[in-house]
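Next come two complexes built around chain A: one with chain B, the other with chain C.
What follows is the complex of A and B.
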């Protein structure tokens, strides 16, 4: 009987050419549209209430002209854009390198086809061949269906740049996604998970929109917790003029679980070496969702860091374990808002090390700072206090591919842990797989896309879990700390997520501390007497 | 046991055809990639599918327990439960094995070397797998929803702590803060 019924059902819908298949907005795959109030807060165009799964997107009547004019302007402004539009030879080297493609099997998640969505419209409107020969040369009119497809697929790219590592011409699809999103923003088609934090950050200085007293409350809470675990009371200061260093962390480290344990780690290190630093309740966010909106918005939000550093009169800026903040600092800050001549070239007051590479931005990554402390023997460490953890390390996309920060975190982890196991080579360092939720895609309504996109990463974690019993996934990014726990829960139960500085905080022996019985999370320690396992 | 012996002998051929069926649910270019890229880290979906089907075929021939079948199915269904496939399509590959076996062994069945009774027994086992897969599928979907809720809780962890301090409900606070 069952067979008879089944035999009447055709499970396989007919195949269609990808160009002819309009996008279907199936729940779980897309993010809610930007709310009017989020766009209004920063003066972005076309604020309105709308939803991507509805037919009418309430676009301005001349939306097509706006987009084409926007594209024309950007082709003139960014030489790289025109190069990326013209040089792709469709060799396919990038095609199967995107985690969203690997996890979903949807061809339009191949970087080359993702880019083609934009390129086809470029050809139609900005090349002679495209104008004359149309579809024969892969040119395409800009219709509402195409616009919807842009929205769907450019908000399914985490701007991780893995594909660019494999392209013989260095075409960076992440940059194309940035341009496409910038264009979408011209007609009000952002997602609220990006537009909301941008508006909040503009208003109060952090993504959650929490005000100075709330920020201070949370830091005080961390201080209390630390005293309980270590017996030592650390004393961070806020908005203190004349401090040597301004420290800026991603707000997720202050407000979210498990990010706050990483924040506790920072506080312990600063306390132990007696760093003369201050936190700012205004520059209370390292992250910059402007990067996922437009070049202008990125610049606006980034400017507050320098403005605050200047106001407080610090010498240089130290930055926490954030991912995309470092992309902004490393690749754009200097040309956008720099050079910061009012600051000094960063020098570690503890070791005297000059951070030459930060000569111009005046901003140092905390992994560099701490690795340097360890190298000079300035921290007393008891790695046995991390024996309950068998650790692997996820290279977060931006520190790895946008700034080449590959050795410092590993050096730190090896110094503070005795059980460390790398994931397979083609899933780490420059080839690292994205968490699946970067570039503002860490909303909850698109959980399916996130879990799909994160599968290649999770698959590699599962491998080291099965092989070495790994139970801790360390990372160097606040978005990772927020999104890897659900990813692990679905694919690799039994693996918890840690920031690198949380591991440092566990191992760091403070002057005058009491005997520790738990780690910073309150989990009992479990010192193993066997050999190191590095 | 003619059927089991025959299948054992043709295991490779059956596996390849079954793989074609399962991968046939993906667009052509993807199916090609899933089939040919053998690095398990570069191609976790193709690798898990192949490994899972291989195991399930072995399970059908060996008659081992439910737990093993569950684990094998989980490796495939967990992936398909997330992808752009309807529930029916995500699980159809299991039932399609029956047709595939009949086609592969057509000559033997025709010649009466394999009894209908044997075939029925095997097909019942395949049906059993399909039902088990259905349970796993539903559990995966429910888990996705649970994970969403849990994440909301985690993200608003700070908000709810502050709310407690200020005597607001976390909903009120979330609205106030715009989170």
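What follows is the complex of A and C.
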């Protein structure tokens, strides 16, 4: 089955120049266009019914002026954009660093060409050389074909920033993709897998559109399940004023298998250390599909976090395991919606550790929080309860390359598991490969490109599966938890996907718990006492 | 197409200089006016670009982190690849500019029998590094034409670079290295299919130009000798703004000088501007401290949000039924 995809990968570029090769919307590689109601819900321009594979995209008559004016405005707002337009030398170091290129062989998935799609239009309209010399200096007019190419390829980039690690000038395709998508949104050309969650999140507080009572129901379901496995009833609270900490997780963790087991892990840790925390139904989403729409939409959705923290009067915010959520929290939130001077510098009430590194943003990652707990001996752990799992760890793109959260999760995993094997070094830490479905591309209709983009990650998992018998892929991101299972099923059957805090939940010995016979999923434990490999 | 056009452009430039000097006697144009104009264009272009870039703010702190963050005190941070202070970020940029650190990470992905492997591929790093360092040493060596007395470090550099003697003549290591490195950079552009596919005329042209400059310089030093004293007189005239055109320098020198002039004038409006851009890249030159210190966006503007009040108004009854606290009953 995997051969179907592998046999079609050809890295030899076509004979025809890329400038003369129009894009072809082949099923399985693109996402449905944004529905009118999704755009209307948040007041985005040009709501209409349309489909990318049809000839007429129903653009506004002055679409070209809108885009060029939008580009000019963004050149003035973002030094990154100006620099990345001017400084690329086309050395090609980025070419085979992109998971979509590796998995598809499509030359326009080389980061350099993805960026050239934008650069060519920039040169034509904003540089003297481009105006005069045209194609000779790689400049071209903005036509509808070019616009379609933008849509196709900028919604075939997961903003993972892997190419940016290897670029000698630090050119960050994620930045260019973000800005290109922002431009496309000016004329209503988003995908519905992003626009829909954005509309949901704006109104209900989370991407899934869970209304407050439904959100609470889902959490209560987790609480019941936990009681069955552990005999202990945890008691999370909702929208509670005066709590010390506001906890915000990606909503995928509350809603979907296997993310909910990770959520159960959070609840167990908080219960065991007696954390005075509350959940919020208003700020019930850590993720932010606004990031995949525009800087402005990112800000509009993110505003709920600080607003809710202020309303509830908490001291600081704790954030769950999520990838792009942490890109927003770590690199954008304080700048966009701060200063959060109504909050206090985060201090762990259990260990007294001052989280000095988060003293301005006042939001701590749960891996930092839990690693600190373990380091101070505040959690009683029985790693043997994870012996049925041979674990490897997938660094999520954003915590790795937009934060540097590398050792905290590893420290936790080593403390709660006895069988842990790293994937090859070119595929982890800052060089980690994307799941292939990030940045809002985790729809069903583009499954082929997701499987292609996920191939490099899967290939590394297969390596440790064959070498060490790995059967558990741990990760730190809700989108990973949603998209890696089908990826594994396709490329590496027999590997299940776990959140780091699910593994913690398995190993955590609670005061007053009953003897555990299964893990949080209900799978029987299989202790292998004399055999430890970390 | 890009290759041929670029090659012909450089050959045409050589011809122009030769005809201009050897046949038309335009030494003043090629020896004084062109170099001044080129230098002016170079400086103005650089200033223009730097101002253009500097006028666009850096709204968000977006370093690409390539190592462990500084957070919990007992976890060792990777200060260079994930700088937590401005000083570490400066060190990171310095290592990028001097040693091409990111390029040193380069590998080559290969797909064989359904498996990916990442092969050793440091040739681009090595070729690029040798090319840039040779160019720097060569430019510094040339200071001996523009200074009187010649500073000690220039002479030292010259002695070190020229410790090899062939037939009683100094043979500069950097001359050999730059020829090899530029040739390599050209060949990889032609031979590697992906790199060839992405290459523009603007990628070939500077390679041919620099190769021609190096070749004309080497020709002058070893084969078509020119009057070095006269060359220095012309150079000193240029830098002291009292230009003179000494007799009998030879056309090869004017070809060399004209190609350098073209390179200077061409520099700012081309990809060569990466020389300056590398220092400004916000993914490299900012510390990863955005949770510790607030980064300010000068154009941050208020946006429409869905307030808690609006949210509660819509869901109040459902919240009350589910025992979720509300503000207003």
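One rule holds in what follows: the second predicted complex is superposed on the first by the 519 of 534 C-alpha atoms of A that agree within 3 Å, B and C clash if a C-alpha of one lies under 4 Å from a C-alpha of the other, contacts with A are read in each partner's own complex, and residues count from 1 in each chain.
As a convention for this text, contacts are C-beta pairs under 8 Å (C-beta built on N, C-alpha and C of every residue); 3 or more make two chains touch, one makes a residue touch a chain.
None of the values given here were measured: they were computed from a predicted structure.
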*Give one word, clash or fit, describing how chain B and chain C relate on chain A after superposing.*
clash
*Counting residues of chain A in contact, which comes out ahead: chain B or chain C?*
C
*First, second, both or neither for A:300, with chain B first and chain C second*: second
_Quick check on the superposed pair: does A:400 touch chain B, chain C, both, or neither? Answer first, second, both or neither._
second
*Does the superposition put A:185 against chain B (first), chain C (second), both, or neither?*
neither
*asked:* On the A-aligned overlay, A:230 touches which partner chain: chain B = first, chain C = second, or both, or neither?
replied: neither
*Go through the superposed model and pick first if A:489 touches only chain B, second if only chain C, both, or neither.*
first
*Touching A:288, do we find chain B (first), chain C (second), both, or neither?*
neither
*Check the residue A:459 against both partner chains and state whether it touches chain B (first), chain C (second), both, or neither.*
both
*Classify the contacts of A:173 with the two partner chains as first (chain B alone), second (chain C alone), both, or neither.*
neither
*Considering only touches as defined above, state whether A:106 meets chain B (first), chain C (second), both or neither.*
first
_From 112-120, 148-156, 166-174 or 292-300, the chain C stretch with C-alpha clashes against chain B_ = 112-120
_Where chain A meets both chain C and chain B, residue numbers_ = 2-3, 6, 9, 11-12, 18, 95-96, 102, 107, 217, 424, 426-427, 455-456, 459-460, 463
*Would you mind writing out the residues of chain B in touch with chain A in their complex?*
24-30, 33-34, 37, 39-45, 48, 78-79, 82-84, 88-89, 92, 95, 98, 127, 143-144, 147-148, 150-152, 154-155, 157-159, 161-162, 165, 177-179
*Residues of chain C defined as touching chain A within the complex*: 5, 49, 52-72, 74-78, 81-82, 96, 100, 102-103, 105-109, 111, 114-116, 118, 124, 128, 192-203, 269-271, 273-274, 277-278, 280-284, 288-297, 299-300, 303-308, 311-312, 314-315, 318-319, 321-322, 324-326
*Along chain A, where are the residues that touch chain C in the complex?*
2-3, 6, 9, 11-13, 18, 43, 75-83, 86-93, 95-97, 102, 107, 110, 112-113, 116, 127-129, 136-138, 161, 164-172, 175, 202-205, 211-213, 216-217, 238-241, 281-282, 295-296, 299-300, 303-304, 307-308, 311, 329-332, 334-336, 338-339, 353, 355-361, 363, 368, 371-372, 375, 400-408, 411, 424, 426-427, 429-431, 455-456, 459-460, 462-463
*Using the touch definition up top, name the residues of chain A that touch chain B in the complex.*
2-3, 6, 9, 11-12, 15, 18, 26, 28-29, 95-96, 101-107, 196, 199-200, 208-210, 214, 217-218, 221, 254-257, 424, 426-427, 444-445, 447-448, 451-452, 455-456, 459-460, 463, 482, 485-486, 489-491
